[in-house]
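You will see two complexes here that share subunit A, one where it goes with subunit B and one where it goes with subunit C.
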Partner chain A sequence: MITMQSLILLAVYLAVLLALAWPMGIYLARVGDGTAIRGLGWLRRIEDFLYRIAGTSASAPMTWKTYALALLVFNALGVLFVYAVQRLQFWLPLNPQALANVSPDSAFNTAVSFASNTNWQGYGGESTMSYLTQMLALTGQNFFSAATGIAVAFALIRAFAARSANSIGNFWVDLTRTTLYVLLPVSAVFAVFLVSQGAIQNFSAYKDVTLLDPVTYTQAKNDADGQPLKDAKGEPVTETLTAKTQTIAMGPVASQEAIKMLGTNGGGFFNANSAHAYENPTALTNFVQMLSIFLIPAGLCFALGRMVGDIRQGWAVLGAMTVLFVGLTTLVLFAEQQAHPGLAALGIDQAAGALQSGGNMEGKETRFGISASALFAAITTAASCGAVISMHDSFMPLGGMVPLVLMQLGEVVFGGVGSGMYGMLIFAILAVFIAGLMIGRTPEYLGKKIQSFEMKMTSIAILVTPTLVLAGTAIAVMLDPGTAGMANPGAHGFSEVLYAFSSAANNNGSAFAGLSANTPFYNTLLAIAMWFGRFAMIVPILAVAGSLAAKKRIDVTAGTMPTHGPLFVALLVGTVLLVGVLNYVPALALGPVVEHLQLFAR
Partner chain B sequence: MDIVFVVAIVAFLLVTCALAEGCDSLRREP
Partner chain C sequence: MTSILRPALVLFAALSLICGVFYPYAITGIAQLAFPDQASGSLTSRDGTAVGSSLIGQAFSSPRYFWGRPSATSPMPNNAGASSGSNQGPTNPALIDAIKGRVEALKAADPGNAAPIPVDLVTTSGSGLDPDISIAAAYYQAPRIARERNLALGAVRSLIDKHGKPQYLAFFGEPRVNVLALNLALDQRP
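Presenting the complex of A and B:
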C-alpha cells in the first residue's frame, strides 16, 4: 500500500525537477560547447587567467587518448594528494580535536573513494577527519570528481555532434569550465541556503553539553579492531554505561554539504550523513537536497538534445530514465510502507495515520517518515550519490533490493553527474545495435554509424562493473576476513557484501552499513572496485567518443530508425533492464529474494 | 606501509593507461 502523501511527494518532486532541469540544460549546453555565456564575462577572464598559468590553451585540441591520459593522471594525482593529507593531518592546521593521522589502508580507500566520485566511507567523519582534510582534500575531490564525470559526458556528446574531427575537446578546458561555471557558483548559493536553514559552518572545537536527563544504555563491546567481542557461548559481550554529557561535533559543514549533493558525491561530513540535523536541518533542505542530486543529470538530458541539434533526443533519454525511476521508486515506497510481520505478530500498530507514518520505521528518522526516506533512498542510489537519510540496511528485503538494483543497472537512471549520461548513451548504442540486428540495417545513433569498434568498447564498458561486483563479492564471501565483517549471518550478510561491491564498483558509496568494512581486507578490495569501476569504464567510453568524432554525420532518411519516440524509449528501458538485471539475478536470489521469502513465510 | 599504497595507486594508473593503449590497438585493427 502506497500512501497518497508518497505519491504526491513523488509527483511534486518530478514536476519541480523538470522545471529546474530545463534552464540547467540550456546552461550546461553552453558550458559544454565552449561558447561565451552572456553576463559572465568576468568568469571568462578568470578562466583565461587559469589557462595562462597552467600553460594550456583553450583551443588546443586533444585526441581521445590524450584526453584519457590527462584525465587519468589528474585523478591519480588527486588520489595521492588526498592520501597524503590524511596521513599528515595530525601535524597540519585546522585540527582542533587533534585527530590522529588516518591509518594507511583507510586513507588509501578514502582517497580512491573520493577521486572516483564514490565517496564510500569506512570511517566516521567527525571522529576521524580534521577540518583541513574535510575542506581541502575531500571537498576538493568532490568538485574535481564531479567535473571529471561531466567532462566525459561533454566529450561523448560533442563526438556525436562532430563531423570528421580528430579531437574530442580539451580535458583541462572541460574540467575548468564545469567547475568554474557550474559547480562553484551553484554550490556557493546552495551552501548559503543550507546555513540559512540551520546547517553549520565554523571552525570551532567540539562542544561538550550537559544532558538534562542522564541516559543509561547498554552497548556491545568491541575489540581493538572495532569487531564485536563474543563470550564463550558466542553471545555478544555488552557493557552498561551512563552518559551525563554529550559532545556536539562542529565544523565547516555547509560548504561540503552543497557539493556533496550537487556533485552526486554523497560522502557526509558526519557519520550519520544527511540524517544529521547539521547537514540536513529541515524538511525544506531535505527536498532541495533531493532536487540537487538529480539537477545536473536531468539537465544533461536537455544539454544532449541541444548539443546534437535535436531536442527530442534529450527528451527520449530523459523519458527512459524517468520510466525506470518511477517504476523502482514505486516498489521501494510500497515495500517500506508494509507492516513488518515480526512486529505485527506482537500486535504493534504499523498503519499509517495522522500521528505516525506507519510502515517499516527501523533506521528511519521520524521527521522524514516513510515517504521522504524511501524517495531519498531511490534518488540517492539511482544517481551515484550515496548520501542517506535512513539506514538502507534496515529496509525490508524488497525495499533494500531497490537501491541494490538501481546501482546494479550501472547508475544510469539519471545517474551520477556526467556518468549517468555517458552510461545511458552507451546503453543507447547497445539498444540501436540490437535493433539493427532485428531489422537488418547498420545501426545508427544521433547521425553516427555504430560499427564493430564501438560495439567492442561498449561491451567492455558495460561488463566492467558486473565483473568487479560479482568477483569481489565471491572473493569476500569465500575468505574469513570477508565473512568476519558481516553483521548478520545468512542471506542478509550476503546482501551486505553484495551491496558493498555494487556500491563501490558503480561509484555510489552508500552501504548496508551493518558490514564492518573499515578493515585492511575491505579497504583494499573495495578500492580496487572503485578505481576500475570508474576509470576502466571511462577509457572505453572515451575511445567510443574518439571513433564517433572521426565519422561523418549521416542525414536522416526514411530507413533510419527513429531514436526519439516512445518505441525507442521502450527499447532503451528494456535493454537497461535485461542487460543490467540479468547479470545479477542469481546474486539477488541468494540475497534479498531469499530474505523476503524467509520473512514472510514465518 | 605508505609506500605499498602509493605504489598501488601508481599501479592503478598504469593498468588503466594500458587499457587505453589496448583500446587504441583494437581501433587500429583492419
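Presenting the complex of A and C:
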C-alpha cells in the first residue's frame, strides 16, 4: 500500500524543487557563461587574484585535451592529498580523540572515493577520521569533486552552444567560479540553518554524559595483543560490563553536512550518515536536505536551456528525469509501507495510523518514518549523492531494488551535480541516434550533427559503468575474500555485493552497509571501480564536447527532429530504460527479485 | 606540463584553504555565537550534571522508564561514539530472532498487556541513536510505567500527550515523542 502522506510529500517536494531550481538555473547559466554577476564584483576580484597567482587567466582557452589533462591532474592531486592527510592524521592537529592513522588500503579507497564524488564510506567517520581529516581533506574534496562535475557539464553545454570553436572553455575558471559563486555561499547559508535546527558545529573532544539508567552489556574479551580470548573449549570469552556514562561524538559537522548534500557527495561525518540526529535533526532539515540534493542537478536543466538558447530543451531533459524519478519513487514508497509477513506472525502492529508510521521500520528513524525515508532513498540514489537517512540493507526486497536500479540507470535521473546532466546528454545523443536510424537521417541534437566520432565516445561513456559493475560483482562473488564480506545469507548477500559495485562505479556512495567492505580486497576493487566509473566517462565526454564545439550550428528545418516535445521525452526515457534493462535484469533477478518471491511466498 | 602543474598546485592549495579551513571555522564562529546550545550538541542537564542530549537516544532497560528504539551499535546499545544500524535484511533469520527476543522482553516486563506491539519498538533504528519513539510505542508502555511508578494511567498518557509532537498538515514529520524528555519528566514527578 502507499499512503496519502507519501503522495502529498512527493508532490510538495517536486513543487518546491521546481520553484527553487528555476532561479538556480538562471544563476548557474551565468556562472557557466563566465559573465559578470551583478553585486558580486568583489568576488570577481578574488577570482582574478587566484588566476594571477596560479599563472593563468580567465580568458585562456583550452582544447578538450588540455581541459581533460588539467581535470585529471587536479583530481589526482586531490587523491594524493587526501591519502596523505589520513595516513598522517595521528601526528597532525585537531585530533582530540587521538585517532590512529588510517590503514593504507582504507585511506586509498577513501581518497579515490572522495575525489570521484562517490564518497563511499568504508570507514566509520566518528571512530576513524580526525577533525582535520574531515574538514580539510574530506570537506575540501566535497567541494572540488562537485565543482569538477559541474565544470564538465558546463564544457559540454557550451560545446553545443558554440559555433566552430576549438576551445571548450578553461577548467581552472569553471572550477574556481563554481566553487566560489555557487557551492561555497549556498553551503554557508545551509550550514547555519542546519545548526539552528540542532546539527552540531564545534571542535570539542567527545563529551561524556551521566546516564539516567546504566546500561549492562556483554562484550568479547581480548588479550594483550587485541586478539579475542578463547576458553578451553574454544568458545570466545565474554565479560559483562556496566556503562554509567554515554560518550557522545562531537565535531565540525554542519559545515561538512551542507556541502555533502549540495554537492551530491554523501560521505557523512558519522557512520550512520544523515540518519544521525547531529547531521539531520528534524523533519524540516530532512526536507531541506532532500531539496539540496536535487537543487543543482535540476537547476542545470534550466541552465542548459538558457545556454543553448532554447529553454524548451531544458524542460524536455527535466521532464524525462522527472518521469523516471516519479515512477521508481512510487515503487519504493509502496514497498517500504508493506507489512513484513514474519513480523505480522509475531502480532506486531505495522499499520500506518495517526500514532505511528508503521511499515518496515528496521533501520529507519522515528522522526522520518516511512514516507520521508523511502523518498530520501530514491532521491539520494537518483542523484549520485549516496547520503542515507535509513539503512538500505534493511529495506524490503523491492524497496532495496529501487535504489539499486536508480544507480544502475547510470545516475542520470537528476544524477550527481554536473554528472547527471552530462550523463543524460549522452543518453540524449544515443536517443537521437536511434531515432535517426529509424527515419534514415543524420541525427542532430541542439543544432549539432551527431556523427561517428561522437557515437564511438558515447558508446564508451555508456558502457563503461555496466562493465565495471557486472565484472566487479562477478569477480567478488567468485572469490573467498568477496563472499566473506556478505552479512546477510542467501539472495540478499548477493544483492549486497551487486549494490556495492553499482554504487562505486556509478559514483553514488550509498551501500547495503552490512557488507564488510573495509578489507584490502574490497577497498582495492571498489577504488578501481570508482576511479574508472568517474574518469573513464568524463574523458570521452570531453572528447565529444571538443568535437561538437568545432562544428557549425545548423538551423532548424522542416526535417529536423524536435527534441523538446513529449515524443522526445518518451524516446529519452525509453533509451535510458532500455540500456538499463538490457544490462541489469539478469543480475536483479538473482538478487532482489528472488528475495521478494521468497519473502512473500505463502 | 608546468602550464598545468602550477595552476593545479596553486588552486588546490588556495581553494583548500578557503573551503577546508576558512569555511568550517567561519561557520563554527557564527554557529557558536548565534546557536551555542545547538552547535554544542543540545545537551540536557539535571542538577548541574549533563544527563544526555535531546538528539541522542539512550538505552533504557528499567521497567520504570520508557524504553527507546532498539539499537544495533556495539559493544553497547546506543553507543554515541560509533553510530550504526543492524543492516539485517528482511529475509535474514537473525532479524526475526532478534525481534522475537525484543517482543518477549516487552511481554515479560508487562505480562498483562495484550495490545499489539508497535513496530518501531521492536526494530532497530538507522543510527542506533534514535532519540524518539512513536506515540503508539509510548502509549503501549504507559500501563507498565503507571504500575511501576504508582501513577494513574491517565496521568502517564497525558504526560505523553504533553511531550508528543504531531504530524503537521497530514504529511510533514511523524508522530513521535522524545524518550529522554519523557523519562526526565517522569523522574521529576513526586
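Quick note on the criterion: the second predicted complex is superposed on the first by the 575 of 602 C-alpha atoms of A that agree within 3 Å, B and C clash if a C-alpha of one lies under 4 Å from a C-alpha of the other, contacts with A are read in each partner's own complex, and residues count from 1 in each chain.
Heads up, the rule we're going with is that a residue touches a chain if its C-beta (ideal position, glycine included) is under 8 Å from a C-beta of that chain, and two chains touch if they have at least 3 such contacts.
Keep in mind the model is a prediction, meaning the values are calculated, not measured.
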Subunit B or subunit C, by number of subunit A residues touched = C
Now for A:Gly410: first (subunit B), second (subunit C), both, or neither, which partner does it touch?
-> neither
Identify the partner contact of A:Leu69: answer first if only subunit B is touched, second if only subunit C is, both if each is, neither if none is.
-> both
Considering only the touch criterion stated at the top, classify A:Thr210 as touching first (subunit B), second (subunit C), both, or neither.
-> second
Partner chain in contact with A:Gln5 - subunit B first, subunit C second, else both or neither = second
Once the structures are superposed on A, label A:Arg87 by its partner contacts, choosing first (subunit B), second (subunit C), both or neither.
-> first
First (subunit B), second (subunit C), both or neither: which does A:Thr56 touch?
-> second
Subunit B and subunit C footprints on subunit A meet at residues 69, 73
What residues of subunit C sit close enough to touch subunit A in their complex?
-> 3-12, 14-16, 18-21, 23-24, 26-28, 30-32, 34-35, 38-43, 49-56, 58-62, 65, 69, 74-93, 95-96, 99-100, 103, 116-120, 122-137, 139, 167, 170-176, 180, 183-184, 187
Of all residues in subunit B, those that touch subunit A in their complex | 1-2, 4-6, 8-10, 12-13, 15-17, 19-21, 23-24, 26-27
Would you pull the subunit A residues touching subunit B in the complex into a rising list?
-> 65, 68-69, 72-73, 76, 79-80, 83, 87, 104-105, 107-108, 111-112, 453, 456-457, 460, 524, 527-528, 531-532, 535-536, 539-540, 542-543, 546-547
